[in-house]
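Working notes, beginning with the structure itself.
When the chains are written out, they are named A, B and C in that same order, and each has its own residue count from 1.
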């Protein structure tokens, strides 16, 4: 066996040399996946104090715990932001001053926390008010996957606006793996947002979502053909959803110039590729299903033998 | 940096004071998310002995291990149930006797384990018999996300019936984050249930599912308009699925008065909002897709540039 | 309380005796779920050196780390493969020589790693080139759930071809729980594969996917009626997708004899149950949605009160 291991090692090392693009062996400057997850979890604790702690948080220790946690996040995040700026320096920042940029971005994110808390409060209100199954706001925070995912997106969006590479997406993909909802850090999302059930819902990088928008599982705000791939970078590729719109499960809305007017409702499984005016109702036609007794299949539906 | 941390701490503490509803700083009585997850995992070990242990379980130690595990779950669950009852006392329990109620609910759940095992055996049979890709019942238990999710729902349903706040949903949302399937603890689910692939399937609080029902990924048993929100609490909002029904991937069935009659089959991606009689076949019409050579787009389909 | 625990233990032990098929109490020979996860994670580190480590990997320690990791995986995997062969010996291996078979299968998997790296490089290229939101190949590897899921499927497929019971599915179900994408270990998948967003996408056991295929979330390559259940084992039940096909979100393609010809595009939410020739465009007809001002519902759509 030991012989085989030696040979396997040689072959694998040769492959590390030859195959490009999937090695990172002098990786001092890539942010660490585990550290980003830990930072994200600590930021969630700062946003929702007392909810995600391992043990109950007493009121008289909140100051100490908060300061310690801010210090810990600040140190770790500054180092990871610096690594990501070194890895792929954005044109916005002079290459000489990346350390300063990392510090100022880090403080900027921490300073945004009170503002993000104001917005997240509206999301929790929307979740509680919109779901008759919700018992209380506490249940929404403790149990609903939506709260964690939107909180992470709003944090990541701050870093996205500050042009930090890698980290915003690493944060939202962690949330994605937990709730099944993929909110890109670039998406602009208004207040009082709520997505029920979450799984399978996708909101693309250039989507714009107004206030009081409610969506369900499996909704896609997606791009038209991406055949042009990287050439489309920077263009608005995803739809705009105006205020007070409801989008039911499984609906797909496509295209950067598609606008869903304020107050509209989009029915389940609808596939919409054009703009609709305010207060529209968009539904699948009854005509698209056929109900019949089993055994009375006609030759017109020969294919679906379900 | 230390100056900034002090200022950030002040601002965040001010925000904790001012922004209501997303703090829980005197949280002695909220159940702990981590403890609920640990309890749920131990309950799964009690239901499926020998499958989820860190090391193999020898037959001669089963009694000792089982007793120790029951004791551990009983102690932890009683404390968490008590916390959740104190947090939001259900009208069913006199406020003075919440400690007693917590103990009796906890013992009630543990006493239900043999009965739940009988039902879960039928689910595993249904999974094995219904999936040609399944090699054995052991593979189903070890590998299929469905087994964990339905077991957790059946456990949470017992606590839901006992009117325990918070904990049932915390349990099912843990399972949801792992399988992508969101089975509400309130749903009434018969024997021999199986959902293949699971991801994206949603079953609402007031859904009723008969025996021998088989579903696939992305199926929704959902409510009609929830615009009325909390005012709808307690009403039957989700459909009834009778015995021996099969529902294919992506089908949405909507509304509390919608009944899918026994023995029916609902095709993939169907959107059904009315009742259908027993032995119905409901499919999308062929008519709703169009197959054409690329490049031969007509002016009738100008919008979808995919 | 202690009395109740003793009684509960008796009842549960009685249930362990009586209820078949969901106990595994003399389980020396079942592979361990936790160990399979750890092996899978180590294999991912071997495939993408430097990306998933807890700390940065220095170039001068790569040989040592790689050899140690290969030894660790070899030992653990050989034991688990042996357990799974003993549990359900495939007809391909003489029962006397299962230890030898376990060793040779384990070495076979490790020998395949350089070849799998070549293929995975094409998947990462496809992801980077196909998604304008991707910043770099490093971001794709660090953040995209797709990379982990396809890597695990390609590893599991090797064990599937070697007729190892249980372990391949345990591996892919771990990946499924993380990305929401369920790629069966049996599926044959060509080079330059990419699935964006992943959640809800399902590829069945006997699906065949060509090179340069791109898919989105919620796509199903699924079987027709499985009412015959275990009797269908071994038959081709899932579709064939030829080279250079794109399949948009939520499309379901059904049936073992359904072939999507090379260069075709399948639109969002399409439900396709028949073959289409090369370079086809398959879309939902515009006709299947209806846009109207709210309040102007007619008696023809009386049911959907959304």
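Just so we're on the same page, a residue touches a chain if its C-beta (ideal position, glycine included) is under 8 Å from a C-beta of that chain, and two chains touch if they have at least 3 such contacts.
Only a predicted model underlies this, so the values are computations on that prediction, with no experimental measurement involved.
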Cα superposition of chain B on its sequence copy chain C - rotation in ° rounded to nearest 5: 120
Interface numbering overlap (same over half, different under half) for chain A and chain B: different
Length of the line joining the C-alpha centres of chain A and chain B, rounded to whole Å: 23
Residues of chain B engaged with two or more neighbouring chains: 180, 199-200, 218, 246, 248, 250, 254, 267-269, 284, 287-288, 303-304, 306
For the chain B and chain A complex, residues of the former touching the latter: 1-2, 4-6, 8-9, 11-16, 19-28, 30-34, 87-88, 165-166, 169-170, 173, 176-177, 180-182, 184, 186, 199-200, 202, 204-205, 218, 220, 222-223, 226-235, 237, 246, 248, 250, 252, 254, 263-265, 267-272, 276-277, 279-288, 303-306
Chain C residues touching chain A - in the complex, by the definition given at the top: 46-59, 62-63, 66-67, 70-71, 74, 103, 107, 110-111, 113-114, 117-118, 120-121, 124-125, 128-139, 141-145, 178-180, 197, 199-200, 216-218, 224-225, 246, 248-250, 254-255, 267-269, 273-274, 284, 287-294, 297, 300-301, 303-304, 306
